[in-house]
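Sharing a structure with you now.
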Amino acid sequence: MFLLTLLLIPVIAAILLLFVHKQATINAITIGASLLVLSIAIVILNVNAADFDEQWLPLLNSRFVLHTDGLAKLLVLLTAISFPAIFIATQKNETSQKNIFNSLLLFTQAGLLGVFLTADALAFYFFWELALIPVYFLCSIWGGEKRIAVTFKFFIYTFLGSLFMLIGIVYLYMHTADHSFAIKALLESRLTATQQNSVFALFFLAFAIKMPIFPLHTWQPDAYEQSPTSVTMVLSAVMVKMGLYGVIRWLIPLFPIAFAGHANLVITLSVIGIIYASFIAIRQDDLKRLIAYSSIAHIGLMNAALFTQKQIGAQGVLIQLFSHGINVLGLWIIADIIEQQTGTRSMKAMGGLAKKQPTLAILLVGFAFANIALPLTNAFVGEFLMFNALFQFNVWMAALAGVSVILAAIYTLNMVQKVAYGEVGDLMQKMNTPSKQAQWVLMILLAIVFITGVYPQFLFTITADTLQQMFVK
Amino acid sequence: MSTLEILFFALSAFALVSAIMVLVSKNPIHSVLWLILVFFAISGHYVLLNAQFLAIVNIIVYAGAIMVLFLFVIMLMNVKEDKEPQKKLWVKLVGVVAGGSFLLLLVALVKQTTQIEGKQVLLKDGVIGLIHPLGQVLFNDFVVPFEISSVLFLSAMVGAVIIGKK
Amino acid sequence: MPIQYYIFLCLGLFSIGMVGVLTRRNAIIVFMCIELMLNAVNLLLVAFSKMYHAIGLQTQAGSLAGIDAQIFVFFIMVVAAAEVSVGLAIIVMMYRNVHSVDINFLNRLKN
Amino acid sequence: MTILALDWGFIIEKLIMIAIIVLASLGIALYTTFGERKVAAILQDRPGPSRAGPFGLLQPLADGLKLIMKEEIIPNAANKWLFILGPGLAMTASLMTCAVIPWGSAVDVFGRHVELQIADVNIGILYVFAVVSMGVYGIMIGGWASNNKFSLMSALRAASQAISYELAMGLALIALLMTTGSLSLKTIVEQQIQGNWWNIVYQPLGFVIFFICALAECNRTPFDLPEAENELNFGYHQEYSSMKLGFYLFAEYINMIMSSAIMASMYFGGYDLPFFNEASVAPNIAALIGVGTLLIKIVLFIFLFMWIRWTIPRFRYDQLMNLGWKTMIPLALFNMLLTGAILLAKL
Amino acid sequence: MQALTNKAQAVNRKPMTFWERLYLINIIKGMLITFSHMFKKQPTIRYPEQKREFSPVFRGLHVLNRDEEGRERCTACGLCAVACPAEAITMEAAERVEGEENLYREEKYAAKYEINMLRCIFCGLCEDACPKDAIYLSETFAPANYTRKGFIYGKPDLLIPNPQTEATAFAEAKGV
Amino acid sequence: MNAIIVSALMGVIMMFSSWIFNNARLQKIIALFGLLFLVVANLAQSNGVYTFEIDSKGMLAYTSLGLYFNTILFVLTLIYVWINGEEIEKIGNHSADFYALFFFILCGVSVLTSFNNLLMLFIGIEILSIPLYILTGSDKKNLTSNEASLKYFLMGSFSTGILLLGITFIYGATGGFHLEPPIINPKTGLTNEHFLLSAGLILIFVAMNFKVSAAPFHFWTPDVYDGAPTVFTSFMATIVKVAGFVAYIKIFDAEAIALGFAWRLLLGFVIIATLLVGNITAVFQRSVKRMLAYSSIAQAGFMLFALYGTSSFNNEGLILYAVAYSVATIGLFAVLIKMKDYSFESFNGLAKKEPLLAFVTTVFLFSLAGIPLTAGFFAKYYMLNALLLGGAGLWLLIIAILFAAVSISYYFKLVQAMYFISGEPALGEIKKSYIHKLVLLAVIIIVLGVFPSLLINYLYY
C-alpha cells in the first residue's frame, strides 16, 4: 500500500488540479503533492516497503505489482527530487492554464514512478506510455513555435519504440511457462540465442530511442528546444533515465547472450554518439540545445559503460543515473531563469551574468563543473568508474570516449564563459534576482552535487543489491 | 454422340455465344435480350439435368421477372447507344485479361483435381429435380433458412419503398 | 456427361460475367453481368447436385443425395430477385438525379 | 443413333395434337374477335357485323384477309429485327400456354390411347406462369423497337402492369395449390371430378383475385391502359400494320382464351360436366362431351370478359397500381393465410 | 332559380362506407344494366335494304315540275331566287321561240336554272314563292359527290322526267 | 433463435409504427425499447432460456461466442441509436423505416453469428447487405450518396457472386454445405485431390475480404463510407463490419486449417496489404470522414489477425477489438456529425471552445490508435498475441507495429487540430446532453482500457 501511495498522490493531485483555477492554490497543491512524494521516497530509501501485489488482468495473468530494489529506489528518489525542484523553481513562470499544465506534469510523474516501481512487464509498458502522453500534450500546447511538428516527431519516435517493446513483451509472454508478465517468470523463460537476438533488438530499439542513442537521437534536441523548460527538465533529468533503467532492468537479465553479442555494436554507436553530440554541442549557440546535446553525450557514455558488462562500469552507471539527473536539472533551472527573464536562449545575447547576478553565476559554474565531472562533484565518481570499465573493455573505445571529456570541458566552459563573463549583454540588462525559492532549490541541488561527490558511498549502498543481481551469475 | 450430348453442346455453345453477345452489344436493350437467351439456354440445361422445377423457376424469376425489370428500367431511362459510357480501351483490355486469367487459373485447377476425375453427372434421370422431393426437403430440412429469407424480402421491400419514394 | 464439362462451361460463363463487370461502365449492364455470374453458379450447383445424386444412387436406391444443392439454387434465385429490386431502385434513384447510369459519373465530373 | 430410337408414334400423336390445338385456338381466337364485336353490339342494342356470310359469320375471315393483304410498313427508325420479333414473341408465348391445358379425358383413336393434353408436366401451373411472363417481352420489345414514344410508354405500362398483377395472381394460386397439393392441371381437374365440389367453392376469394389479375394480364378493360387511345393513341402496336398487327391482336385474344381455359380448369372443374355420369356412355363420347363442356366454360368466361369490358370504364394509372399492390396482394396474402389456417385446423 | 327538372342532385361528400368502397356491388349493378340491354329491342335499321320512313313534312331535293303534257312549268319569274334565304338559286330566262310550245308552257322559260345544293338549306321557301307550282321539294336527298361542281344542280338534274315520253320514270319520280 | 426472431419481429413492428405513429421521437423510443428487448432475449438465450424452440436441422449452431457477439453488437446498436437518434431523423422522414432496417440488419447479424451451414452464411450476408445498400443511398438528393450506394451495391453483389462460386466449389468437393473441417491428412497437406476445395476456400476468402473491406478488395470502401450519410457510415463501419468478421472467423476457424501454410501466406499478404493501403492512404486525406474510412480499412487489417491462428486469443481479441473499435468509431462519427464540414481545419481550437468534447474525442482517437489506458490498446495487444500464437513470424508483428505507428500520425492530426492549433471550430449546435452521452462512451473505453477482463470474462460464464 505504501508504494501505491507514491503513484496515487500525484494522480489524485493531478485530478484535483483540473478543478482549481486559483494560482496560489494550484501552486500549493502541486508543490505539496510533490513534496509529499519526495518524503515518501526518502522513507522508502531506508525502509524496505512491502510489495504491492494485486490481481489485474486474470485472463492474461498479469498482476499489478510494485516492487522496490536499489535501482528503483534510486530512480524514484531522483524523480521525487526533480519534480518539487522543478515546480518550486518555475512556480513564478507565466503559463496559461497552469492548473492543466501542472496536472499533466503530475501525471507524468506518476507514470515515471510507475515505470521505476513496477515488476510486471505489461504494467511497465503501460506506465511507459503513461509517462509519454502527458508530455506530448505539454510540449504541443505550451511549447515553442515549431512545437507541433517537433513534438509529434518525438511522440512517434518514442511510441514506435515502445510498440516494438510491446512485441518483445508479447513474445516473452508467450515463452513463459505459465504465460505471465511477472519479471520472475520472464527471467525463467530461457530463450535460444536467435530468439534472444530478435527480442533484444525489439526492446533495445525502445530504450535506444528513449535515451537516445545515435542515430535515433534526432528527435531530442528539437524536442528539448521546443518544449517548455519545465518539461525539458523532466525529459532530460528523469525521462532519459527510463531508457537506461530499461536496459538494466530488462535487457541485461533477460537476454544475456544477445546483450553480450551486441556489446560491440552498441558501444560503437554510443561512442560515435558521444563524439558527435559533443562536437555539435560545441557549435551550439542556443543554450537549451547545448545542454541537450551534452545530455546525449552523457547518456551515450552511460550506455557504453553498461554494455561493457563490467561491474565497475555498471556501478558507475548506477551512480551517474542519479548524478546526471541532478546536474542537468540544475543547468536547466538556470537556463530557464535566464530565458524567463531575458527572453532569449542565444548565448551571443547573454554575457555578464556574473556581474548582474553573481549568485546565479556561481551556481551555474558549480553545475558546469559537475557537468564536466570535475573531481569532488558527483559526476566524477561515476564517470571515472565508467571510463575504467570502458578501458577494460577496449582501449581505443575508451580513448575515443575520453576525448568527450575534453570536448565536454570545452563546450561547458565555453558556455560559462559566454553566459557568465564578458560584457553584460543587452538582454542581460533585464536580469533580475531570481526568486528566493529558485535560488534555494538550486542551492540544495548544488549541495547534493557536492555531497554525493564527496560521499558517494550512500549511492553505492542503495544500489548494491541491484549490482549484485546483475553480476551474480 | 447421343442426343443428350448433342443437346448439351448445342446449349452450351448457345449459352456462351449469347453471354459474349451480352458483353459485346453496345445497345443495352440488345444486351438484355441476349441475356434472356442465356437464361433460356441455362434453363435448357436444367431440363437436360431433369431439374424441372429449377428450369421453370429460372424462367419465371430470371427471364420473366428480373429481366423484365431490367428491360423496363432501360426503356424508362431511354439509354441510347451513343450515350452509352465507355471505359478506356486499356481498362477494357485489363478487364479481359483479368477475366481470362481467372478462367485459365480455375480451369487448370479443375483439370488437375483428381477428386472429380471420372465423376459423371446424371442426365435426364433422377427425382431430385422434381417438385415433390424438393418441396419435402425444403419444408423439412430447410425451413429455417426459408423463413429467414422472408426477412430479406421485408428489408428489400422497405428499402425499395424508402428509395423509391420521391 | 463428365462433371468437368459443366465446370468448364460454368466457369466460362462466370468469367464472361466477370469481364463484363470489369469492362462496362453502364451500371445496368454491370448488374446484368453479375446476374450472369449468379446463373453460372446456379448451373454448376445443379450439375454438382446431379453428380452427387448419381453417386448416391449407386449406394442406395431412392437416395435424395444432392438435393440440398438444388435448394440452394432456389435460394440464390430468390435472393437475386430481392437484390434486383433494390438494385434497380438504386439505379433509378441515381438516374433521377444525374440522368446517367455511369458508375463513375462523379469521377467523370472530377476529371 | 439414339435419335432414331424415339417413339415416333408418340411424336406424331403429339404433333397432330399440337396442330389441332393451335389451329383450333387460332380459329377460336378468330371467332372471339367476332364474338367481341357481336357482344359489344348486343350489349349496346345493335346487331354488330352481319354482312359477310350468314349473321356476319365470315366477317373474321374478311378481317384476317384484310390484315394479310395490307401493306407491310416498318418505320425507318425502327429496330428492324426487334420490330419483327415483338409480335412473333407475343404470339408464340400466347400459343405455348395451351400445352398444359387438359382439354378432355383420354380418347382411343386407332388403338392408341390419346390423352387430350399436349404435355402433362407436373409443374403445369408454373409452366403457365413462365410462359405468361414471357408474353410481356413481345409487347415490350415491339413497343420499344417501334421507336415511338407512345409505343414505348405503352410498353412500359404493359410491363409494369403485368409484373404487378402477376404477383397477386401467383399468391392467389398458391392458396389453391395448398388445397390441391399438385401443380399439374390434369390432376387438379381430376380431383375436382372425383371430389364433390369444384374448387371455386373452396377458393371463392382466390378466384376473384385470379380473375381480376387475369383481366390485367390480358390487358383487358378495365386494365387496358397500354392501349388507352385517349392517352397513347393506339398503344404499343401503333406503328404496326398488316399481319404483325394481326399477331398482336390475335395474341390478346388467345391469351384470353387460355386464361379462360385455365380458370375453368382450376376453379370450375375443367372438362367436368356436373350431374353427368361419364361411365354411362362410351369413353370416346364422354371425352368429347368433356371437351365440349370445357369449350362452353371457356366461351362463358370469354363472354364474361367482354361483358366486363363493355361495362366498366378504364382505370387511371395510379388507381391500377394501387389496386394491384395495395388491394390485390394483401387480399391474396390474406386468402393464403386463411387457407393455411383452415388446412391446419383440419389436420 | 327554379329547377327545370327534379333530376339534379346535390353532390354527396360523405365518405364512402366500406361496402361502397369495395365497388363490387356497383360493378355488379353496372354489369346487370349492360346485361339487361341484351334483351332490349335493337333500333338498328339495315339501311340499303330497309329504309326509315320520312316524316310527312320532310323536305328533300328540288324538282322542277312539268304539266300533264310534259311542258316545263317554270316561267323564270325569279320569285324563287328572291325568296331563297341562302341565295342558292340562279337562273337565266329566255323567250320561247316558234315550235317550242310543246316544251314550255309559257312564253318565257328558264334557259338555265341552277341550285347550289351546298348552299341550299331545304327550307322550302322557293316552293312557297313559286306562282306556277314549278318547283317543289321531293322526299329524296342529295347523294354524295366527289366535286363541289357536282353539287350545283342544273336543269337536267332537277327536271322531272317527261310524263309523256317516259311515263314510268315519271311515275317513279313522283313516288306514287 | 431468440435474437433472430425477436429482431425480425421488431423490424416488422418498426415498419408498422412508421405509419401508425407519426412522431419520430416516439419511434426512436420504440426502437430503443425494441433493442433492449432484443438484448434481453439474447441474454436469455445465452443463459439457456430458449423462448422459441425451433429445430433448425443443423442450419444454425449456437455457441457462447456467437451469442456473446450478438449481445455486444446489440448493445452497440442500442448505444448507437441512443446517441444518433436525432441525426437519423434528419435524413428524410423515414426514421421508423431506418430503424426497421437496423433490426433487419441485426437479424442478419444474428444469423451470421450462429450459422452452421453455408446457405445460412449466404442468407445472413444478404440480409446484412441489402439494408445497407439502402441506408447508403438514403440521402436521395445527394449525388455522392447515390453513387456510393450504387457502387456499394454493385461491388457487394459482385462479391456475393464470388462467394457463391466458392461455396459451389466447396460443395463440389465435399458434397455438403455444412461447416465441418474437411478431412485432410495434415501430414500430406493439400494434394491434387483438394484443389477444388482450396479453390472454393480461396474464393470465399476473397469474397469475405470484399465484405470486410480488406485490401486488395477494399476499393469500394472509401467512396462508400464517404458518400453514405454520416450516421449510417458510423453504423456500417462498426457493427456491420464486426459482424462480417465474426462470420469470417466462423468459416475459417473450421476450414482454413486445411490450407496450412498457404493460408498463412495468403492471409499474411492480405493483412499487410490492408494495413499498407489503409494507413498510408489515410495519412494523405484531407477530409476527416475519408480519413476514418481509410482508417477503418486499416483497423480491418488488425482484426484480420484474429484469423491467423486458432488460439483463444482470436475470439477474445476480436471481442475486445470489436468493442474498442466500434465504440470509438461510433463516438468519433457522432462528433463528426456535429461538424459543419469534415475537414481537419474545422476541428481547430475545439479544445478551447468545448474542452469536454475535445477530451472525449481524444479518448476515441487514442483508442483507435491503440494507446494504453484505452480499450484500443488491449484490443491490439490481444491481436498481437493471437498473431504470435498463430505462428506468425516476428516480421509480421513488426510490420503491424510500424503501421500502428503510422496510424498515430493521422489520428493525432485531429488531436493537434483540437488542442494545438487555435481557430474557430466549425461546430454546429451541440447539446450538453449529447456530449454527456459521448462521455459515457469515453468512460467505457477507459474502463475497458484498464480492465479488459470485464468484457472477456463473460465469454467463459
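General remarks:
For reference, chains read A, B, C, D, E and F in written order, and residue numbers begin at 1 within each chain.
The criterion applied here is as follows: a residue touches a chain if its C-beta (ideal position, glycine included) is under 8 Å from a C-beta of that chain, and two chains touch if they have at least 3 such contacts.
Just so you know, these numbers come straight off a predicted model, no measurement behind them.
Note on connectivity: the fewest chain-to-chain touch steps from chain E to chain F number 3. Between the contact lists of chain C and chain D, the overlap consists of B.
Contact with chain A and chain C alike is made by F. Contact count check for A-F and B-F (C-beta pairs in contact): higher for B-F.
The chain occupying the central position, as judged from C-alpha centroids, is F. Summarising the inter-chain layout, the chain whose CA centre lies farthest from the centre of chain C is E. Centre-to-centre separation of chain B and chain D, using mean CA positions: 29 Å.
Averaging C-alpha coordinates per chain places the centre of chain B 73 Å away from that of chain E.
For this pair, chain C with chain E, the centres built from the Cα atoms lie 76 Å apart.
Contact of a single residue of chain C with at least two other chains is seen at positions 3, 7, 14, 17, 31, 51, 55, 65-66, 68, 71, 75, 79, 82-83, 86, 90-91, 93.
Of all residues in chain F, those touching 2 or more other chains are 119, 123, 126, 130, 133-134, 137, 140, 172, listed in ascending order. Among the residues of chain E, none is in touch with two or more other chains. Working note: touching chain pairs come out as A-F, B-C, B-D, B-F, C-F, D-E. Listed in rising order, the residues of chain B touching chain D in the complex are 2-3, 29, 33, 36, 52-53, 56-57, 59-60, 63-65, 68-69, 71-72, 75-76, 78, 130-132. Against chain F, the residues of chain C that register as touching in their complex are 3, 7, 14, 17, 21, 27, 30-31, 34, 37-38, 40-41, 44-45, 48, 51-52, 55, 65-66, 68-69, 71-72, 75-76, 79, 82-83, 86-87, 90-91, 93-94, 97-98, 103, 105-106.
Of all residues in chain A, only 56-59, 125-126, 129-130, 133, 137, 140-141, 147-148, 152, 155-156, 159-160, 163-164, 166-167, 170-171, 173-174, 198, 202 touch chain F in the complex they form.
Residues 4-5, 8, 12, 15-16, 19-20, 22-23, 28, 31-32, 35, 38-39, 42, 45-46, 49-51, 53-54, 57-58, 61-62, 65-66, 69-70, 73-74, 76-77, 79, 84-87, 91-92, 94-96, 98-100, 102-103, 106-107, 110-111, 116, 118-123, 126-129, 133-134, 137-138, 141-142, 145, 149, 152-153, 156-157, 159-160, 163-164 of chain B are the ones touching chain C in the complex. Touching chain B in their complex are the following residues of chain C: 1-9, 11-20, 22-26, 28-29, 31-33, 35-36, 39, 42-43, 46-47, 49-51, 53-55, 57, 62, 64-68, 70-71, 73-75, 77-86, 88-93, 95, 100-102, 104, 108.
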